[in-house]
Every structure is written in C-alpha cells, then in structure tokens.
Amino acid sequence: MALHNPVEAELRVRFAETDAQRIAYHANYIVWFEVGRTAFLEATGLSRDRMRALRFRFVMAEVQCRYLSPAYFDDRLIVRTALQTLSRRSFTLRYEIVRAETGELLAEGGSAQVAVNKAGKAVEIMPAVRAALEQEA
Amino acid sequence: MALHNPVEAELRVRFAETDAQRIAYHANYIVWFEVGRTAFLEATGLSRDRMRALRFRFVMAEVQCRYLSPAYFDDRLIVRTALQTLSRRSFTLRYEIVRAETGELLAEGGSAQVAVNKAGKAVEIMPAVRAALEQEA
Amino acid sequence: MALHNPVEAELRVRFAETDAQRIAYHANYIVWFEVGRTAFLEATGLSRDRMRALRFRFVMAEVQCRYLSPAYFDDRLIVRTALQTLSRRSFTLRYEIVRAETGELLAEGGSAQVAVNKAGKAVEIMPAVRAALEQEA
Amino acid sequence: MALHNPVEAELRVRFAETDAQRIAYHANYIVWFEVGRTAFLEATGLSRDRMRALRFRFVMAEVQCRYLSPAYFDDRLIVRTALQTLSRRSFTLRYEIVRAETGELLAEGGSAQVAVNKAGKAVEIMPAVRAALEQEA
C-alpha cells in the first residue's frame, strides 16, 4: 500500500550506522524515521522554531519497523513519511525507506505520537497544529 | 501479560542516550532490546562464541516498542527478554523494560529474527540452536 | 604512565556499537569515557542527584582518544577514569579502556570539562564540587 | 588557522543527536567528522566503491575534538575536512564544524588514520591512494 502524499528526506548511511554484519544496524532505521518525521513536520509548517513558538510538544507512544532488505555503508536512502491518522491527542505516521537509485523498498514502519504539556501529560492537539497536519492528510 | 521465564539484564541510562526532552531517546530502547537479546541468547547457551562456532546467524525482520513512561539519565533499568514463538526459520522475542528500583514498566516490545546463511538468505534454524531456544520456551 | 587512583566501570560491547569493520566503532569510545566519567563522579560523591541538588553543570571543552587495539562485539571492557588537573573553572580527566580478561590496553584518552551556569557561561567550580574532586587527586 | 582546501559536507542535527543539556551530544561530533571524512575521500576519488576495488582499508589511530560553542536540534552545520599530513602508513585530517547560516566555528578537531591489511596490520599506503590524497594537499 503506497503512502498517501509522502514527504521525502534523503540521507546516506554513515559508517557509524553500520554493524558487524556489514549492514546498517536495525535501530538506526528508527532514527531515520525521525529524520523523515522532522522533514514531514517542516513541510506542514511545523518547523522546530514554529513548534517552539506554539509550545507544541509530543512524545513517542509506539514505533514499529519491518525490515525487508539491508542497507549498506554510504548507500543513498530516501525516507518517505505520511500522516496515517489524526485523533484528539495523538497522530500516527507511516514511513518507507527506499534505496534512492532503484526505489527498492528496504523497510517500512510507523510511529504514534501523543501531544503533551511541559509536564509530560497528554493534552489535546492544538488547532494550529491540527490544521497543519490535516492539510497533509 | 507477564513474560514467561524471562532473562534479565541490567543497564544504566547513559547521558549519550538522553535527548533534548531530557528523557531517554526512544530509538535507544531498541538497542536495549538488543542488550536483553544478547543476555537471553547467552542464557540459552548461545553466547557470541557458541553462535560463531555453530555459524548461526540471524537478521532482524521486525521490531516494535510501546512507550509507557520515560526513563532518565542514570536510571537503573532492567530488560526482561523471553521467547515468544519459534518456527522453522524464525523466532520472536518479547521484551519488557522496567525501572530497577520500583519495577515500574516503562516500555514493552517485540522482535522477529530470521536465521540466514552467510549470503543473507533465510535458512532453517539448525537443531542445536532450536534445542537451546526451546528450553527457554 | 598508569592512572593515579582510577575509578573503574565495566561494560560489554553492544552489537549496536560495532561497525562494518567488525570492530567497535571509534566514536563509541567517547561514549564509554562518559560511562567512566559518570562512575568517577559518583565515586567522588557527585552522583546525578547530588550534582542536580548542587546545580553543578559542566560542558565538554575537549576530548581526545588514541586507539591501540580494537574491541569486538560482546567483549568485556573496563573503563578506568582519573582526575588529571583541577583548575578554577575546569577539570580534566584521563581514561584507559582495557580488556577485562587480560588487562590489555585498548585505548587511552582525556577530556576537559568547564563548569557552566544555566545559561552555559563558564563559572567557577563551587567549593563542594572542588572538595569532592580533590579527594580523588 | 584556516583549513587548506577543505571539502564541505552539510548536515542537520538530528533529535537523536541531542542530549539532556538540550545541545548536540559531544561524541556525535566524532561521527560528523566521519561524515566529513567520507565526503573528503569521495572528493579525492576514494569513494566507497573505489576504496573497495583498491582493497584500501584504514583504521582510526587517534581522534581529537575541541568544542567552542554548542549546536542545537535541527541546526544546519557544515563539516570542513582537509588533509593535514600524509606519511608512509598513515594520514591525518583536520576538521572544522561551522554553523551553516553564520559560519560560526562550533568545533574543530583532527584524526589520524593508519592503512591496514585485511588482518588489521599496518601497511604502506598504496600509490593510487597516495596520489589521490596528495592532490588535496
């Protein structure tokens, strides 16, 4: 199932991100999802500075990743990120990681984020953020 | 649902593992699952050296983590790891991460591993490995 | 030159910390120095909670590491940490990383830390911290 | 002292790379040096694939970094990398990390690399690699 209206971010696999199997270490895909999420949020207008001005904070509630084919040192990868669901206090994103040259799908996954206040308590997603996220839906 | 017969590994949250929300960064839980998995495999008799002697290799097929409560710098954590399923070419593990002092559950998750040969192709789990894993079931 | 009165911390090389040369990735030694530094500070009475109560903060001014022999997945390592110098606003530490079984020296290095206030400005090291560090000199 | 003929690589600070002081964690600068080094080597003609074809391998012998001013989440940084020395079996590089918008110098450092054979033993740098590195001197 292709992602709807994904935002793309490109990266290259760092040597730091490889492991002794000579492939990219699996936990780094979760970091790459973050790279995709940051690009996605910026594309919606929710840049770091805008989120700070709005005092919009979220925490991770869940992540999941399925690995289909390995990535190697210095590979060019594209992270595709799209909104999946948007509810009162949380939103979920879907990710695909593909090889830039071939488009081969290497991994896919998802994450759930919950809006929180400064104390870390779940709160409603504020209208400005909701509007930004909805335009990507 | 408590884990059946878990193996425990202890760790302390490194400053390197925190993020600008002043909590442990979420992708590090996937690394901590690896710490738990290594302890689990060693407890079954599948230490690094034994796995190497057997030429038993596996790759990650899937990881998933649900975050319940944050961990902070220097917190003492326990990773509990247990076998969930064992099939012909793969096995799945479940993990719980709890605060050592209180036992509070901070996160729980799972991973699926597939046995592979040197070329990375899925193969049957060899009898010696199967026997080791089954004793933990 | 052996370290004077070092504090020891033990760790095992995680698979996450290896790289495609099948050895521990070099930047992780800097993280292991942090593991040593945390143990050193705790041994002086400057635990996380004590430092927080004192509002003692420091930032890294310099790190350096010399690599002598590689470490491998699941190796047991000992990080030895000792105070080198203590001046008005800063202190330096020396580190050795040795293989636990053999005592073989794998790497050695140092770091310089500067005391800062909440705004990140260099300040004098407060007397309580100075007294704690001096007892290790 | 400005670097002679540096190669530039750009990156953005990932949330994964921040720490509980709300700044980029210091060990990540060593990883960013690797990003710079990879770009530098590629610029000399020593891409991953070319190095593999030549069977040219090196290991880190030393790294050093001096921190001048912190970097923050999502900051755009430039890593400048230049050859410093080239000897029979080793070469050293210098690095500068600057804020992309302002050119402010945030950190500077160096690394020493030793050419090794497959067994990890120090060997002479082969002529093709020497020629590539020299053109950057």
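For clarity, chains are labelled A, B, C and D in written order, and residue numbers in each chain start from 1.
What we mean here is this: a contact is a pair of C-beta atoms (placed from the backbone, for glycine too) under 8 Å apart; a residue touches a chain by one contact, two chains touch by 3 or more.
Just so you know, these numbers come straight off a predicted model, no measurement behind them.
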Most widely separated chain from chain D, with each centre as the mean of CA atoms
B
Starting from the mean Cα coordinates of chain A and chain C, work out the distance between those two points in Å.
33
Dist(centroid_CA(chain A), centroid_CA(chain B)) in Å evaluates to 23
Chain C touches at least 2 other chains through residues 15-16, 23, 27, 31, 34, 73
Could you draw the chains as nodes, link the ones that touch, and say if you get a line, ring, star, complete or other?
complete
So in the complex, the part of chain D that touches chain C is made up of which residues?
21, 23, 26-28, 30-31, 34, 57, 59-67, 70, 120
Taking the touch rule as given, give the residues of chain B at its contact with chain C in the complex, in rising order.
12, 14-16, 31, 34-35, 38, 47-48, 73-74
Counting only contacts in the complex, chain A reaches chain C at residues 15-16, 18-20, 22-23, 25, 27, 72-73
